[in-house]
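Notes for the one structure printed next.
Letters A, B, C and D mark the chains in the order given here, with residues in each chain numbered from 1 onward.
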Amino acid sequence: MTELQNIAKKLFDDGSINLLIGYSNNENGGTSAIFIDNSADIDKLIYNENCHQNLMVYFQKPEVKKFGKLAFVVSLPGLKSVLEIASENQIKDGDAYFIAIDKDGNPSLLQDFHQIEDFITNNQTKPPMGLLKLMEKINNMTREERWQYWTDEFSKCIKCYACRSVCPLCYCTQCITDINIPQWISTESSPIGNLDWHIARAMHLAGRCIGCGECMKACPVDIPLALLTANLNKSIAIHFGDEPGMKADYKYPLSHYKLEDKENFIR
Amino acid sequence: MSEFEPKIVAFVCNWCTYAGADLAGTSRIKYAQNVRIVRFPCTGRIDFMLLLKAFEEGADGIIVSGCHPADCHYTSGNYHARRRWMVFKDLLDFIGIDSRRIVFSWVSAAEGAKWAHLVNDTVSEIRNLGPMKEYKNLENVSSNKIGELIND
Amino acid sequence: MNSQNIYLPYKMRIEKITEEAPMVKTFKLAFVNPEDESNFEFKTGQFGEYSVFGAGESTFCIASSPTHKGYIECTFRKAGKVTTALYNCEEGDIIGFRGPYGNNFPLEDWEGKSVLFIAGGIGLPPVRSVIWNCLDLRDKFKDITILYGAKTVQDLVYKNELEEWAKRPDVKLITTVDPGGETPDWKGEVGFVPSILKKASPKGENAVAIVCGPPIMIKLTLPILLEIGFTEESIFTTLENRMKCGIGQCGHCAVGPYYVCKDGPVINYADLQLLPVEY
Amino acid sequence: MNNYKLITKQNLHSFFDALQPKNTIIAPKEINKKYYFKPVDKFEDIALDYIQTVLSAKSVLFPRSDTLFNYHRADGDYNIDEPSPIEKNTIVFGMKPCDASSFVYLSNFFLKDYQDKNIKERLEKLYIISLSCKEADNACFCTSVGSNPASTKGSDLNLTLIENDTYYVEVVTEKGQELINYSADLFQDTKEIDKSKYIANVPQKFDVEQAKQNIDSIFESPLWVKDSLACLGCGICAYACPTCTCFDIQDIGSQFNGSRVRNWDSCAFDLFTKHASGHNPRPVQSQRWRNRIKHKFEYSVENLGLISCVGCGRCIRSCPTSMNIVKTVQIFQGV
């Protein structure tokens, strides 16, 4: 039995949890989420570098919530989303258990937000180089080139909303695209409808996105969606010095203000 | 061909800029007639989606204006708006929409002349930028031509 | 042969608007093109797709009777995007209509029987089409009883027609409002539809019942109908689900293999029990 | 009307060049190591050795957004005009046999009771050249749903790569013959050959008859919930699926002018069944997953006599949470 499985087994044996959400190997040679509701299935629980899905997305799923007390296997991005969700008052300290996987792949059980905060500080990783390079490339383009780049990318969008579904922070019970009085975002997949959707999604995640990159991985047509939120987070860091997913008492930068905020762009 | 006349939509707050624009009117200050004013309770209410809709509906430029800092009727709406615009402007830049097409300003109820200047300046700037062709080139209604049926 | 575009609507002019209850309006619609009118036929229980150009389509039943020619009526409550746009229409406006779709109430099978109509709230419009159809063929049926309930007196729709039916000697009309919904001069019953039904207990032998209303009303009414002698085959209702195409293709209204738009909306209780509970 | 021919890879290029000027050719194209159907005008752009495209070719019949008609307001009345029909024929070049067989389902579905005009017109002008599979992956399961990697069902022409860079061509329909006639001398007559040694081996993962029966009999079961816990309710599976036909009808535009448009929709969305009153007949994801599976293997059989799954495996490959229709069927097989 692996260390991870031991921790999980202990949680079941104590009766601390009713459902554990972790990773297992799937039929197609990849890994996927596994929902374990009794200790008999624990031997299927694994963790390796292929386990990328941000499992915190299940925290808000009604059918998962029904099980009762939950435990999640989470790596760094997952833990950041825990703190971000916590800062938005969607999860309270002690609502769930987190089996954190550190950068060397070792599991440890974290129970309160302080432990998670410390863990994140000690396990910081750099964002993937590919993403940074692409961001730099786009920022170095002329405005016309950038527009061309993004309209080309957005034109591929088929509006399957997988980017929204896999995001642990897209938990609104009614998304702006689902509102039709007025129809903010056109339902068809058209250049304007797609542009509206991606701008709205990015803005609604500005200063909240913890950068797990799941939206980009889920996108069937490979739109580099994470760039939009990453770039927004960059400007938020520059303007306000805030970074989401680091503290449970984080204040959403767009819901408060400072008197001395920059206003040189305002006439 | 006639000269390009920019269409400007102004999103203004009820308490300061709208009153300021009103003052410009009652003071008989002449300013460019390209602007359509939409009145909001507060700049804090002006959602970015509204700005996008204005572009979609054919605006070439947008003015967003409200109370000066510390003057907000609701104490802090303009401070919140200021932050949101800062971030939204950066996003537009990143996507390649010319953020010069959106002009942010504080115009108080006493600043009729400032309002007139703001509109005139904006109109001449947008006139120089030309029509918002980026949005106009995005054909909204899908076409049934085969070949375009495949999303590409 | 040139195939027709099945999504092209008939253009209809709003002839008359009646405000039935808060947020509820009835439109009387006439065909703009005379040839559309002469080609148009429908049966009671069928529905159509009503559309406001720019807002989209919405589904409701044809609330008038096929015996009343030259126009159709629809009654709707302002709820979503399209019904809000419809609600804001004025007399003389042009709207779209396509239909009729779906099956119908098997009126021929009911000849010689008594007919009991039970409706709750905005469930009366589909039933009203059948009521008028039966009243226009009054000789073919035995007793006709109408039991209609709404939350408050204000919420009762077709108030003029309720008065008209009340006056007719060949119709027994019972109206009821929920406790607390009555006004000082309310002369009808006070209570929920199922309990009023139990009190009235019309005979179930050689009779059919048509039930339409909110799901909870239907759920509680059905056992009472069975109790007073109706068989499962003699209880009819009309289903409602989100619909888009009306012709069994878009998939929204599917309840298992059954498409409410194509195989329904009229269904008897015996068949209803065979379907998964997804309506 | 099967007859059999051979064509070399070089001649296939010439054949493409003969077809290209007069037709719109849609073919798989590689973009960032994934494959998509795109309009192509050069033979070199076509990917001939791919396993599966991300999205199916159903959009040549049933596009993501399809204009039903346009309206314009004039003098208080509305003028309605229909989009002009396509002029050129469309050839889908090199789709896999599983995709080709999906067109049998699609044409049955859309032309059954009410004939859909847009789809009928496109179908009349559609030619399908399919390409037998040399390779398959874990997600492929065509053999489990009554097809195989060299099936000619739904195709007009089927190509199978045999020895020496030569393709074995089966002319399946009159339409296929029409295509051959563009440049008949490029082809060489031959006898029927056994394709089985030239095609991918796709192991059978379940018995479809058994699956139909099992899925048919189980509606209420905790397994539906357990099996669908990972499902997050996005629309990829339905959008990637070659046989998913659900759609939504919306008006795009203002009250003065615009279009009524048909968009893809997915039964996985919460909004799919939600009434304006707020009542939702399928309020939770497991019910939506159940509906998808039962529709594929039970409901469409009842309505059309065909299962609506061709075993292309796209839903499995593209699902962000690795939901697996094969696994679900297998679970119910074991009940």
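The rule is simple: a contact is a pair of C-beta atoms (placed from the backbone, for glycine too) under 8 Å apart; a residue touches a chain by one contact, two chains touch by 3 or more.
What you see is a predicted model, and the numbers here were worked out from it, not measured in a lab.
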{"item": "Chain pair, A-B or A-C, that carries the greater number of C-beta contacts", "value": "A-B"}
{"item": "Relative to subunit A, chain with the most remote C-alpha centre", "value": "C"}
{"item": "Subunit B-subunit D separation of Cα centroids, rounded to whole Å", "value": "45"}
{"item": "Geometric centre distance via CA averages, subunit D-subunit A, whole Å", "value": "32"}
{"item": "Whole-Å separation of chain centres (CA-atom averages), subunit A against subunit C", "value": "48"}
{"item": "For subunit D, residues contacting two or more additional chains", "value": "36, 55, 64-65, 118, 248, 250, 252-253, 258, 261"}
{"item": "Sequence positions of subunit C contacting 2 or more other chains", "value": "80"}
{"item": "Subunit B residues counted as touching two or more neighbouring chains", "value": "140-142, 151-152"}
{"item": "In the complex with subunit A, residue positions of subunit B that touch it", "value": "48-49, 52-53, 56, 69, 76, 79-80, 82-91, 93-98, 103-106, 118, 134-135, 138-142, 151-152"}
{"item": "Of subunit A, residues touching subunit D in the complex", "value": "26-33, 35, 53, 57-58, 61-64, 158-162, 164-166, 178, 186-190, 214, 217-218, 220-222"}
{"item": "Subunit A to subunit B touching residues, read off their complex", "value": "138-139, 141, 143-151, 155-158, 176, 184, 186, 188-193, 195-196, 199-200, 202-203, 206-207, 221, 228, 231-232, 235-236, 239-240, 253-259, 261-263, 265-267"}
{"item": "Subunit C-touching residues of subunit D, taken from the complex the two chains share", "value": "68-69, 71, 73, 76-78, 80, 82, 109-110, 113-118, 120-121, 219, 245-251, 253-256, 258, 260, 262, 265, 267, 272-277, 279, 281-282, 287, 291, 294-295, 298-299, 302-303"}
{"item": "Complex contact set, residues of subunit C against subunit D", "value": "3-9, 11, 32, 51-57, 79-80, 83, 92-94, 96, 215, 240-242, 244-245, 247-252, 254-257, 262, 276-279"}
